[in-house]
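Quick one: the structure is below, questions incoming.
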Amino acid sequence: MKVSARNALKGTVKAIVPGTVNTEVTVEVAPGVEVVSIITKASADSLGLAENKEVYAVIKASDVMIAVD
Amino acid sequence: MKVSARNALKGTVKAIVPGTVNTEVTVEVAPGVEVVSIITKASADSLGLAENKEVYAVIKASDVMIAVD
Amino acid sequence: MKVSARNALKGTVKAIVPGTVNTEVTVEVAPGVEVVSIITKASADSLGLAENKEVYAVIKASDVMIAVD
Amino acid sequence: MKVSARNALKGTVKAIVPGTVNTEVTVEVAPGVEVVSIITKASADSLGLAENKEVYAVIKASDVMIAVD
Amino acid sequence: MKVSARNALKGTVKAIVPGTVNTEVTVEVAPGVEVVSIITKASADSLGLAENKEVYAVIKASDVMIAVD
Amino acid sequence: MKVSARNALKGTVKAIVPGTVNTEVTVEVAPGVEVVSIITKASADSLGLAENKEVYAVIKASDVMIAVD
């Protein structure tokens, strides 16, 4: 399945913190560059996520803000 | 200003494509890893964006989906 | 690719209205039930969208609000 | 009240799963076509949601992604 | 229609700037406090928006970030 | 840090309700006008939020819907 979201950053699962409804997933997309994701626990289970698994962090371009110092 | 969004990836502006209302900004957050952002033209102007400028790609954790092959 | 978004409604492209930056895509997910999507023109081109093509309308559960009369 | 979100799919509540902060609501928008929503528990209570109640699944067009196989 | 979004700020339309696809609407929700919204032009037309019209700025709680100086 | 989100409403924290993963923050942006935000508990802790603290409610223009009666 190919999705219209513009960003699909390939990475490795570094940490998974399950809550009751949501699960926090940390993905390393480059050495030292991590992206934190919160998805439903049902989705995390359905995807079979585990540490070191290869995944994509998928982000719509309109959900990326830009900030400057 | 410090914001509650969990992800603030430091990077460099690689490309700016202005439209009439929105502007597309490409940020390199690691060698070969780019994030595409769409913000309003007014915001892009207000931030003084330009190629090679140092910026942050700011993304809420709940806006990051996870995908697997 | 399998994505963490909870909703992936199978449907058929009914209409495509391209703008300069964004494209509006109407998907029929059941007889008489249509979902309108706005994606970037770049994504629409990349997906090879065309009328009558089978697609999925992918929506995160947290982006679905509930309303009552 | 009429809202600017482009999609308001009429349906019936099929299931409600309350959490501590959020509630998961499943809406059948056509026979066999279900949309899962996560809203705050406060909103779910305020709307008086219950199984078989008629509701609308309200979704902004920009929150609908398109995927192809 | 009552919607699950937690915030519905009553206000007055101060400005409408139509684009080709999107329209920018500025709503004054308190003296000197304005909220800028971008909705599709189709929605703006359908709602019959005009300057000085009473409207609500509707925002999901999960779309409100917090920042500190 | 200056961010591309169009809305940054200055206000005062009126209430903080912590959950296990998320925290609900109520901000008064004008006398009698409150905005409810849900952010991760980790973000709330990191920002050092407390009642009566001055904060900004930061909202992207595309996340503001318009409704009429």
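Order of writing sets the labels: A, B, C, D, E and F. Residues in every chain begin at 1.
Operating definition for what follows: a residue touches a chain if its C-beta (ideal position, glycine included) is under 8 Å from a C-beta of that chain, and two chains touch if they have at least 3 such contacts.
This structure is a prediction, so every number in the text was calculated from the model and none was measured.
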(request) Fit subunit B onto subunit C over the CA trace and report the rotation angle, somewhere between 0 and 180 degrees, nearest 5. (result) 120
(request) Name the chain pair with more contacting C-beta pairs, choosing from A-C and D-F. (result) A-C
(message) I'd like the Å distance between the centres of subunit C and subunit E, where a centre is the mean of that chain's Cα atoms.
(response) 24
(request) Indicate the whole-number Å distance between the mean C-alpha point of subunit A and the mean C-alpha point of subunit B. (result) 17
(request) Please compute the C-alpha centroid of subunit D, do the same for subunit E, then give the distance between them in whole Å. (result) 22
(request) Identify all positions of subunit D at which a residue touches two or more other chains, and write them in rising order. (result) 1-6, 8, 20-22, 24, 37-40, 43-44, 47, 56, 58, 60-62, 65-69
(request) Report the complete set of touching chain pairs. (result) A-B, A-C, A-D, A-F, B-C, B-E, B-F, C-D, C-E, D-E, D-F, E-F
(request) Under the touch definition given earlier, write down the residues of subunit C that touch subunit A in their complex. (result) 1-6, 8, 37, 39-40, 42-44, 46-47, 56, 58, 61
(message) For a test of understanding, state which residues of subunit F touch subunit D in their complex under the given definition.
(response) 19-22, 24, 38, 62, 65-69
(request) Enumerate the contact residues on subunit B facing subunit A in the complex. (result) 3, 5-9, 24-25, 27, 29-33, 35-39, 43-44, 47-49, 53-69
(message) Applying the document's contact rule, which stretches of subunit B touch subunit E when the two form their complex?
(response) 1-5, 20-22, 40, 60, 62
